[in-house]
Every structure is written in C-alpha cells, then in structure tokens.
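Chain lettering (A, B, C and D) follows the sequence in which the chains are written, and residue indices restart at 1 in each chain.
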Amino acid sequence: MTDNAILVLTTGGTIDKNYFDALSEYQIADSGIPALLEEGRVALPFRVVELMRKDSLELTDADRAAIAAAAAVAPETRIVVTHGTDTMAQTARVLAASVPGKTIVLTGALTPARFAETDARFNLGMAFAAAQTAAPGAWIAMSGEIFDGCNVRKDRDAGRFVAA
Amino acid sequence: MTDNAILVLTTGGTIDKNYFDALSEYQIADSGIPALLEEGRVALPFRVVELMRKDSLELTDADRAAIAAAAAVAPETRIVVTHGTDTMAQTARVLAASVPGKTIVLTGALTPARFAETDARFNLGMAFAAAQTAAPGAWIAMSGEIFDGCNVRKDRDAGRFVAA
Amino acid sequence: MTDNAILVLTTGGTIDKNYFDALSEYQIADSGIPALLEEGRVALPFRVVELMRKDSLELTDADRAAIAAAAAVAPETRIVVTHGTDTMAQTARVLAASVPGKTIVLTGALTPARFAETDARFNLGMAFAAAQTAAPGAWIAMSGEIFDGCNVRKDRDAGRFVAA
Amino acid sequence: MTDNAILVLTTGGTIDKNYFDALSEYQIADSGIPALLEEGRVALPFRVVELMRKDSLELTDADRAAIAAAAAVAPETRIVVTHGTDTMAQTARVLAASVPGKTIVLTGALTPARFAETDARFNLGMAFAAAQTAAPGAWIAMSGEIFDGCNVRKDRDAGRFVAA
C-alpha cells in the first residue's frame, strides 16, 4: 500500500510470557515478536522497539504516557503495539487522545506465543494488516475483530474482547 | 466494526497441504482453516465454505469463475479466500473484475499450516483484518503486506509477493 | 517385546503446567500425557491414571507413599511415572525401596508439554522405551539418559540430571 | 548408565522430509535430528552422522551395506539409525546379521519432524533410551514399542509396526 516501514512497540503481556523452570514460574521474557514476524515471512520493512516488559495489570499512567510518547515521536505513521490484554483498552484510549494522525493498532494474546496452540500469530497478523488499511486512530485487534480503540473492552469471563 | 459475518472460501493451495505416509507424498487435505480460526480465538461470526482442493497451478478459468460466482452470490460483503500462492494474483484480477462492492482478501501460505513453523496463521490473521478494514475491491495479504489485487505478483525466486 | 500393557501414572510437574489467562498465572492442568501418547502413535496397549496434580516441590511423604502404593498394586509390571523434576530423584528412591519386581521409569520435562519447543515428547518416549527394556528397578529418564533411580540428582544450575 | 557417546546415523526417510514451495513438493532435507536432540535437552554425549538422504523405498543393497559398515566401524557400541519406515525392517535384518556386539535401534516417523503434530520426537526418545538399555542386537522403536529387529514388519494399512 505504501512504502513506509511499520513500527512495532512491545510492552510485554501474556504474548511474551515464558516459563522458567529454575523459578518454577512464568515471566515476561525478551520479546518473541521479531521471531513471529520472521515466521510470518514479513518482507515489508519494519522496526521493533521493546519499551518495557510488563503484565498490563502493572502498567502505570507514566508507562502509558511513555508508550504514547514513543508512538508520537516515531517517524512511522503506522504502528503496532503488543500489550497485555487486561488493560489494553485503557492504553488505546490514551493513544487515541494523545497521538493524532497515526494508525495505531494494539494487540496481544490470551495464550503465550511460545505455546504450540496460541492466538499470538493470528493476532499479530491482524494488527500488521490493520496498521496498513485502517484510518488514523487507535484500534484493537483481538478475538478476530478490529475494534475502535475507544469503544472496546475485555470481557474476562468470556475470554474475548467486545464492543464496550 | 460491523456485525456482518465474514465468509471464508477455501480453494486449496500449500496452506492446506498435508503429508500422507501411506502414499509417500503430499496432498491437499480437508481444510485446516476452521481449526486455525479457532486457535486464533476468533469470536466474530464467520462461515467457512470449501470450494475445491487444488494446487493453484492446476486452477482453470472455470475454477476461477466458480470462485467469483461464490463470492458474488454470498450475502457477505467481506470475504477471505485461501488459495495457492502461485496463481493467486491471477484469481485476484478475476475477482476485481467480476465481484464489485465487496472487500475480498486472498491469502495463503508458503509453508503448510500443519508445519510447526509456518506463515499460515499470520497470513490468515492479516486477511481477516483486511476484510474488515480495507475498501471494497480485491486484495492480497502475503509477505506481511496488503497489496492491491490488481498490482501484485509472486516473485518465486525471492519467495515473496511484490508490487507488480 | 511382551504383550503386557504399560501403566502411566501422572503426578503433575512442569510437563503438565498450563497458562491460565483468567488467573494471569500457570497451574497444573488436566494431564496432557494421553494426547502426547496419541501424537506418538503409540499402538502398544497402555493405561493412564492421574494420581495428583502437584508441583514436585509440594509433594509430601504421604504423596510419595501413594505413588508407590499405586505402582505396587497395579497388575502391570512396566510403569512410567510423570513427575516434576525438582524432587524426582527422591520419589525414585522411595519406589526402588518399596516396589520390587517392576520396571518403573520416572520422567518429566523442563518445559511444559504445551509449549512449541519442549523436551516433553522426547522424554516420554525415552521412558516408554526404558519401561520395556530396562531391568526391574526404578529409573529416571531425563536429559537424554537413563539413570539408575538410586544414583541420580537434578543439577538445577546446569538444568540437567547427572549421576549423583 | 555408561559414559560412551551414542552414535546417530541418519539415512533420510519421512522423519526428515520438508516441503519446498518452489518445487511444490516434499523432499528429504538436511537432517533435523540434531535440532530434535537439542530440543530434547539431551546432555549425554552423542555424534550425528548423515549417511544419505533417501526415501527407504529407494534404498539399495549397497546402501544397506554402507549403513552396516558405518555401524560396524564406529567406536560406539550404542547406535541409533533414523530411517524411512517402509523398509526399516529389512535394514534391521541386515544390521542384525552383519554388526555383532552392538545395540542398534532403528527409528523414524510416520509424519515429518517439521510438522506441528508428529511422532518424530517421541520415537527418537524411544530409540535413544533403547540404545542405552537394550541388549546387543538390532531393534526397531516405532508405534510405542521396542521390537526385535528380526521379528517385526510395517503394517501399511494399519499405519503401525507389528511383530512379524
């Protein structure tokens, strides 16, 4: 569609959780997003920047401001943000309010990308495409749907995203 | 974005190739696309219709006309077509010419979906999103990019799709 | 080799850990061992019995006695026990002391079976074979080796099992 | 059990078949066995030697003689041979007759190792263990069982190995 690169900002979340035997627990690891894009045979130029490694329940206002700042200052106008699902809608609203003129698509996964069965690849593909075709604004790509970032919430019981 | 279902038409291609030990060879198997959509945790309503199981090098004009007819007669206005990569661009041109007023996104994979490492899930996610966000017309979702279906070709040597 | 069935006793451990998004944490889930045996195309008769779902750091003397009792009372003379890796050697010693006349092979995994990259399948194959070919006694199948169950320990720093 | 390395001779077969999009077909690729052993977290010393890349239906008497010669001349006394399943029993008989004093375990897979769902890892684990615990002679590790290499055949219709 255009020849701009796509910027991918990673912030952590379930999509990047790994299991550490020595600790007997899961922790967010170095991002697996670059490997997923390679597996997806992505030839369109892109840049991956790891901003933080946080479960989204632990994100603070300062964290969201940092994500918005990174999106605003970048030369790219098409941005994908990988993020934990629990507070993704909140970050989407912050981005919609503070980063005009760019198409920003947030996504993540309900199951870590390192699992054999995971929604991670499908979701990342959705976000990468929506970043190229959706109008400027903040969007969420989850549960097979592209949502208006200001009109969506996570229904935890149902394990899916729905219009707010 | 809307509450229309998305129609997925499967035609075969590498994405659905399986290995059959008894035959010592590959063959296109019953489509794995429904399983991929389930793995992708897709909650948006969709319908999958298997039109044929062909390597795209074997598709005839009659086959392409059948794909176009199925797309035209369906009530859905947002359609994903899974297809072999070798002649995907040719089918895209036929669809652009004969199915107005609908957003049709063709995709497939360079490696079968049944492999551990495959672009299948990422590509299907791209197509599912583009079907929701792109303007009416025929598009191709491959190599990480959403291409105008009338301005794209497969570069076989490079193993990727490029603007024609 | 013989026509006895093989008994598989599952006790939990990393091999069966799953990630639960709703809880933002891992937990030992219903055992994935039957699915692994099916994927391994196992045609030899076997029986899987889920004894408990515990991280092996939480196993008590009563738990180990229960595992030994189950092994002793079963009609099978060839037994595989899936188990957390942290205290596997301790359970092996209990079994060696209290269940004579049977070939019992303990195994597990350093990475959960549900991951795309995991030692789970290889280890389970090792244990299934050793149950058929090793002499009566307790054995551990980990790190590519069949160890005498009374002469092995987990080297946590190295992430592997070694002769004690 | 001992401190000898294990020798792994690869000859091809379904276990090592890969799909080549440019050719629209499957072919035996450079062996994936080393990667499987790494994924299995094998710490016991081993050596992998690629003898040939053949579908076992294409193996000749000269090929089988070469496999036997490699097994005989190697310093290792515990050997795993990865091989196509169709004529694995035939090669096992040749090895039993011409390589005394060594424990040789043949294995392979009904589905390529590169698939997401495959018996490859489980089978390789079985063979690696049997090479350490079985008596000298030729064995086949398939379908969850360790077979006497001189008393086994592949039941193609059933898709499994059985006593001859």
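To be clear about the criterion, contacts are C-beta pairs under 8 Å (C-beta built on N, C-alpha and C of every residue); 3 or more make two chains touch, one makes a residue touch a chain.
Predicted, not measured: the structure shown is a model, and the values here were computed from it.
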Among B-D, C-D or A-B, which pair gives essentially the same interface as A-C, with more than half of the residue-number contact pairs in common?
B-D
By mean C-alpha position, what chain is farthest away from subunit D?
A
Measuring centre to centre with CA averages, how many angstrom lie between subunit B and subunit D?
38
Express in whole angstrom the distance between the two chain centres, defined as the mean CA positions of subunit C and subunit D.
25
So, in whole Å, the Cα centroid of subunit A is separated from that of subunit D by 44
In subunit C, what residues contact two or more other chains?
110, 116-117, 159
If every chain is a node and every touching pair an edge, decide which shape results: line, ring, star, complete or other.
ring
Quick one: which bits of subunit B touch subunit D in the complex? Just the residue numbers, please.
14, 17, 19, 21-22, 24-26, 55, 57, 85-86, 110-112, 114-117, 156, 159
For the complex, which residues does subunit B have touching subunit A?
1, 36-37, 39-44, 46, 110, 116-119, 121-130, 132-134, 141-148, 158-162
